[in-house]
Amino acid sequence: MNLDTVIKVVYILAAALFIFGLKGMAHPRTAVRGNLLGAAGMLIAIVTTLLIVWQEGGRFELVIVGLIVGSALGAVLALRIQMSAMPQMVGLLNGFGGGASVLVAGGELILGREGSADVLVATAVSGIIGAVTFWGSLVAVGKLQELQWFKKPYSLPAQQLINAALAVLLLLLTIGMVWSGLGATSILLYVLIAVVASVLGVFLTNSIGGADMPVVIALLNSYSGLAAAATGFVIDNNVLIISGSLVGASGVILTNLMCKAMNRSLFNVLFGVMQAGTIANADEIYATVRSSSADDVAMILDGAQRVVFVPGYGMAVAQAQHAVRDLGKLLEMRGTTVEYAIHPVAGRMPGHMNVLLAEADVDYDKLKEMDHINPTMETVDVAIVIGANDVVNPMARTDPKCPIAGMPIIDVDKARTVIVIKRSLSPGFAGIPNPLFAAPNTLMFYGDGQKAILDIVAAMKDT
Amino acid sequence: MNLDTVIKVVYILAAALFIFGLKGMAHPRTAVRGNLLGAAGMLIAIVTTLLIVWQEGGRFELVIVGLIVGSALGAVLALRIQMSAMPQMVGLLNGFGGGASVLVAGGELILGREGSADVLVATAVSGIIGAVTFWGSLVAVGKLQELQWFKKPYSLPAQQLINAALAVLLLLLTIGMVWSGLGATSILLYVLIAVVASVLGVFLTNSIGGADMPVVIALLNSYSGLAAAATGFVIDNNVLIISGSLVGASGVILTNLMCKAMNRSLFNVLFGVMQAGTIANADEIYATVRSSSADDVAMILDGAQRVVFVPGYGMAVAQAQHAVRDLGKLLEMRGTTVEYAIHPVAGRMPGHMNVLLAEADVDYDKLKEMDHINPTMETVDVAIVIGANDVVNPMARTDPKCPIAGMPIIDVDKARTVIVIKRSLSPGFAGIPNPLFAAPNTLMFYGDGQKAILDIVAAMKDT
Amino acid sequence: MQFPRLVSLVAFASLVVLVCGIVAAIEPATDGGEAEPSADAASLQQNTDAKHSTSNRREVLVASLTIFVLAVFVGFEVIAKVPTTLHTPLMSGSNAISGITVVGALIAASEHWEKLPSMAFTAGLGVIAIVLAMINVVGGFLVTHRMLAMFQRKKKSP
Amino acid sequence: MQFPRLVSLVAFASLVVLVCGIVAAIEPATDGGEAEPSADAASLQQNTDAKHSTSNRREVLVASLTIFVLAVFVGFEVIAKVPTTLHTPLMSGSNAISGITVVGALIAASEHWEKLPSMAFTAGLGVIAIVLAMINVVGGFLVTHRMLAMFQRKKKSP
C-alpha cells in the first residue's frame, strides 16, 4: 500500500520529464536531449507500472509478450520508414494510440471496478474519440499513400446529415451507458459506441480531400491525446491526464497553424467541399508556357548572384533533397548565394521540407520562412521551384474565388527568372491550374525532380 | 454536499482566471485587462468561499468586519501611495500575505481537523515561510524607507552561525510537531516555530544592505506565494496551491533576473558581506570634477542631435519624471532625438523607471533597454544622467575588486558629453565613488533632480 | 497563442458548467452502480464504504479536472514556443507521448486471465492495447530521434 | 528560462525523494494522531474509517503535489514572457494573487466562536488574517491597475 503511493509520486516525475522534453523542442540544439528526456519519462512510467503490477501479483506473460512485440514492430517501423513518408507514419501512430485507448477503457469497463457517472462518461469519451482516431487515421494514411481506394473524396448522398445522425446516436448511447451503470448492458452499449464511432471516423475522414489530410492528421494527433486523457480519467491516473493534455494542446496548435497558413477555417477544412467549378480553363492559361532543357537552366544559373530553392511535395516524392543539396553546394562554390524558401504548408505536414533538407545536411540557417524571404523576392535572380505548386500559385492572390484564395504564398513570380521543375502541367493537391507556369519570366523543366536536378548539375559541370 | 464539490470546480475557474491574468501581463496593451481578469478570479474565489461558509452555517460577523476593514485599508493604501514608493508598497503587501498564511495555518491547527504527517509538515512550512516573510518584509520596507533604525546592515557577531542555529532549531521543532501529532503540544510548538521564524526573518534581512533590498523583496514575493501554497496543502484547497505556485515562480524569475543584472549570485546577495575595504580614495578620484550651471547645460543641449536620458533612483526620490518628460518634449520640438536608457536594476525594483516614466506619459517606444542602447552610445551627443549612480559607474568594468564588479552598466562614459544631475558627490546605494563624475567629458550639475531639470527647461526657453 | 481570449474563456466557462452537471450527477449514479446485493451481516460497513467512496470519488474527479486544466495550459505555453522547423518531429514526438496509454494497457493485460472470463477478456484487450501503444511509443520516439539527429548533425559540420 | 536544466532536474528529483519520505510517513502519523479513545461499540466502523481516511489522505496529497508541480510549470512559462517594462506591476499584481490565502482566512473567521475556546481562537486569528489578506488583495490589484492605466493612457495619446 505504501509503495503504491510512492509510485504515484514517481508518475509525477515522469510527467515532468515529458514537459521538460517538450520544452527542449523549442530549439534544434536542445531537441535531441528533449526527445530523450521524454523517452526517459516514458521508461520511468512503464517501469513504475510494472512495479505496481508485480506488487499486486499480476501475471506477466501477456505483458511481456505485448511489450516485446509492440516494441519490435515500433522499432522496425521507425527505422525502415523513409523521411518523405513521415506524414503517413505519424498518422499511423496516432491511430494506434487511439486504438489503445478504446481497448484500455473497454477492459476497465469489463472489470467493472468503478461505476460512477464521471467514470462512465470518461469511458464513453475514450471509446468515441479513440475509435474515431483509429479509423480516421487509417483512412488518412490510405489517402496520403494515395491508395487507389481512397483516391478521391467519396461521400454518400447527404453525408453531413448522416454524420450528424451518427453523432446524436453516440450521445444517446453515452447517456444510456451512464444511465444503466456497470454491467452487461453498458458493456454492450460500449461496443456499440465503438462501432458507431468507427463508422463516423471513416465517414468524416473519407469525405475530406487528400490535400487536407495533413490538417486531419494534426487534428487526430490532438484527438489521440484527448483519448489518452479521457482514459486517464477512467483509470484514475494523472500521468495519462497530463500527457494526454499536452498532446492535445500540441495537436490543436498545429492544426490552427496550418489552417491559418491556408487561410481557411477548421470548419471549412472538415466540412467544406472544395468547389472545383469556377476554375478558369487550364488550356487557356497554359497557352504561353515555355519549356527548357538542363543546359538552358545551367546557363541561366551560371550568371546568377542569388538563387532561391522553393521545395514542395514533389521534392518529397522524387526524394530529390540530396540532389538539391548538391546543386546548392555547387552554386555556392561558384560564389552564388543560395537560400531555401520554406512555405509553412509545403509538402504534406508542417515542417516536412525542413526535415527532408535536414536529412540532406542542408544548414538550417539557410532555410528561410516565407515571411522572411517574400520582401526581398525582387532581388532574387533565379527561383527554382522543385515539386511545389499550390504554395507558389499566384491565383491565391488574384482570384478571390479559387479554393486557395487568400492563402499566403511564396511570391516566386516576382523573382527575375523562375524555373519550375515538375513532371507535367498537372495540378497540385488543390487541383487548380497555376498561372505561374505561363508567366513570361517562367521556364518549365519537365521531369522527375531528382533526375532533373542531377541533369542540371551535370550540365553545370560540363560548362 | 453536492454544492460543495460544484464549488470546488468553480475554484478551478478562479485559478484559470489568475493564469489568464498573468498571461495578459505579457504586453502593456493587454495588461490592464489581465489585471482585471485576475481580480475577477479573486472575486469568484471569495464569493465561492462565502457560499461555502453560508452553506455550512458559519458565522458572518467577523468575516464581514474583516472584509470591510481589510478592503478599506487596502484601497486607501493603494490610492494614496506614490509611484516612487512602489517598492515599499510591494514589500508591505508581501509581508501581509505571509502573515495571513501564518495565521490561517495556525487556526487550522487549533481546530485540529486533520493530523496526518503531510498536513503537519505543511502547517509548519506555512508558519516558517509566512513568519520569515512577514518580518523580513517589514525590515525590508524599513530599509527602503531609509528609516534611521535600519539605516545600515547590522549584524550580531557570528550572525551566520546564529542564523544556521535558528534554522536547525526550526527543523527540530517541525519534526517535533509531526511526531507529537495534533493537540496542545503541537500548538505550542507551532507558536514557537512562528516566533523563531520571526527572529530569523529579522536577522536574515537586517544583515543585508539596503541596496540589495529589491532582491530581497522579490525573494519574499516568491516566499509569500510559497506560504500560500503551503497553506493550500494545510486546508486542502487547490486554488491556494495553484495561485501560490504562480506567485512563487514569478518571484523566483524576478530574483534571478536581478541577480543576473547585478552579476551576483543569490547566495552572495543573501549572505555576502559587501567589502568596502579596497575602495580607492574618493577625494583623489574626484580631483578633476567640473561642475556647471543650467545655462551651460541648455547651451550644450541646443546643438545636440541625439540626447539620451539615464534615470536612476534619484529621479524617483526627486519625483522628477514629469520635469524630465517636459525637457524631453522640448528637445523633440527642436528636432532632437530623445531616448531613455533603462538599466534593469535602476531604481529600487525591476521596472521601477518604466513605471515612473509611464506615469509621466512618456511613450514606451522611447524607453530603450541597456543592451539595445549601449552599442550606439558613441553616437549620442548628450547623455543626461538624472539621479543614477551605480548603474553608470564604469568601475564595474574596470575594477574587478569593487562591489559591483562585472555588473553590466549603461556606458554613458562613451557618449560625447555627459551631464550628471545629483545633489552632491555622495555615492549611490553600493557606497562606492564613481570615476564617471571626474571624466573629461562629464559635467556635474548639482541640485535636486526636479529643480535642476526645471532650471534647464527655463534656461532653454530663455535662449 | 493567438486564440481569441474571449472565445476560450467562454468555452472554458461552458466546460465548467458541463462538469458541474456531471459532478452533481455522481451521487445517484454511484448509488445505482454500487447497489450490489449487500450481505446483511456487513451492512454497516457497506454503508460507510459507499459514503466514503462517493465523497472520495468527487475529490478525485475535482483534482483530476484541475490537473487537466493546468496541463492544457502547460501544453499550450510550451508547444507555442516550438519553431516551425521542428514541427514534424514535434508531431511524432508528442505522438509518442500519447502512447502513455500503455500504462493502462499494462495493468489490464496483467489480470489473472485464468480466473474469470471477464478478466480473460480484459487481459486480451490489454495485450492488444500494449502492442498498439508500444508501437506508438517506440516508433514515435525512435523516428523522432532519427529526424532530430539529422538537424543536429548538420549543426556541427560547418 | 535560462536555469541550468540539470540543476532543476536534480532539485526536482530530490524533492520527489523528500515527498516520498513524507508520504511513507503518513500511515503511522495518522494512526498516532487519530488514536483517540475509541468507543468499543463502534470499533468496526472506527477501523474502516481510519483505513479510508489514510488512503484518501494519500490520494489527496498526491493530487495536490501534481497540481503544485504543474502550477509551477505554468508559472514559469507565463511569467517568463512578461517584459521588463511591466515587472513592477507584475510584482504588485502577483502579490495580490498571493492574497488568495483570504479563502482560508474566511473559513477560519466563520467558526462559531461562541461554542468552544479553540473555535474562538481560530476565528480571532481568522479575522486578522482576513484583514491582512484583503489589504494584500485590494491594495495589490488596485495599485497594479493604477500603474497599468498609466501605460495604457500613453499608448493612445500619440
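Residue numbering begins at 1 within each chain, and the chains themselves are lettered A, B, C and D in the order written.
Rule of thumb we're sticking to: a residue touches a chain if its C-beta (ideal position, glycine included) is under 8 Å from a C-beta of that chain, and two chains touch if they have at least 3 such contacts.
No experiment lies behind these values; they were computed from the predicted model shown.
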{"item": "Chain whose average C-alpha position is farthest from chain D's own", "value": "A"}
{"item": "Gap in Å, rounded to a whole number, between the CA centres of chain D and chain A", "value": "41"}
{"item": "Whole-Å separation of chain centres (CA-atom averages), chain A against chain B", "value": "47"}
{"item": "Intercentroid distance (Cα basis), chain D paired with chain C, Å", "value": "26"}
{"item": "Residues of chain A touching at least two other chains", "value": "15, 19, 23, 238, 242"}
{"item": "Chain D, residues touching no fewer than two other chains", "value": "23, 26, 59-61, 63-64, 66-67, 70-71, 73-74, 78"}
{"item": "Touching chain combinations (by label order)", "value": "A-C, A-D, B-C, B-D, C-D"}
{"item": "In the complex, chain A residues that touch chain C", "value": "15, 18-19, 21-23, 25-29, 31-32, 34-36, 38-39, 42, 45-46, 49-50, 52-53, 56, 58-60, 62-63, 65-67, 69-71, 73-75, 77-79, 81, 83, 86, 89-90, 93-94, 96-97, 99-101, 103-108, 110-112, 114-118, 120-121, 178, 181-182, 217-218, 221, 224-225, 227-229, 231-254, 256-257, 342, 344, 349-352, 354-355, 358-359, 361-364, 367, 369"}
{"item": "Touching residues (chain side chain A, partner chain D) in the complex", "value": "1-2, 5-6, 8-10, 12-13, 15-16, 19-20, 23, 238, 242"}
{"item": "Contacting residues of chain D [partner chain A, same complex]", "value": "1, 5, 9, 12-13, 16, 19-20, 23-24, 26-27, 55, 58-59, 61-63, 65-66, 69-70, 73"}
{"item": "Chain D residues within the chain B interface of the complex", "value": "3, 22-23, 25-26, 28-30, 32-34, 54, 57, 60-61, 64, 67-68, 71-72, 74-76, 78-113, 118-119, 121-123, 125-155, 157-158"}
{"item": "For the chain C and chain D complex, residues of the former touching the latter", "value": "44-45, 48-49, 52, 56, 59-60, 63-64, 66-67, 70-71, 73-74, 77-78"}
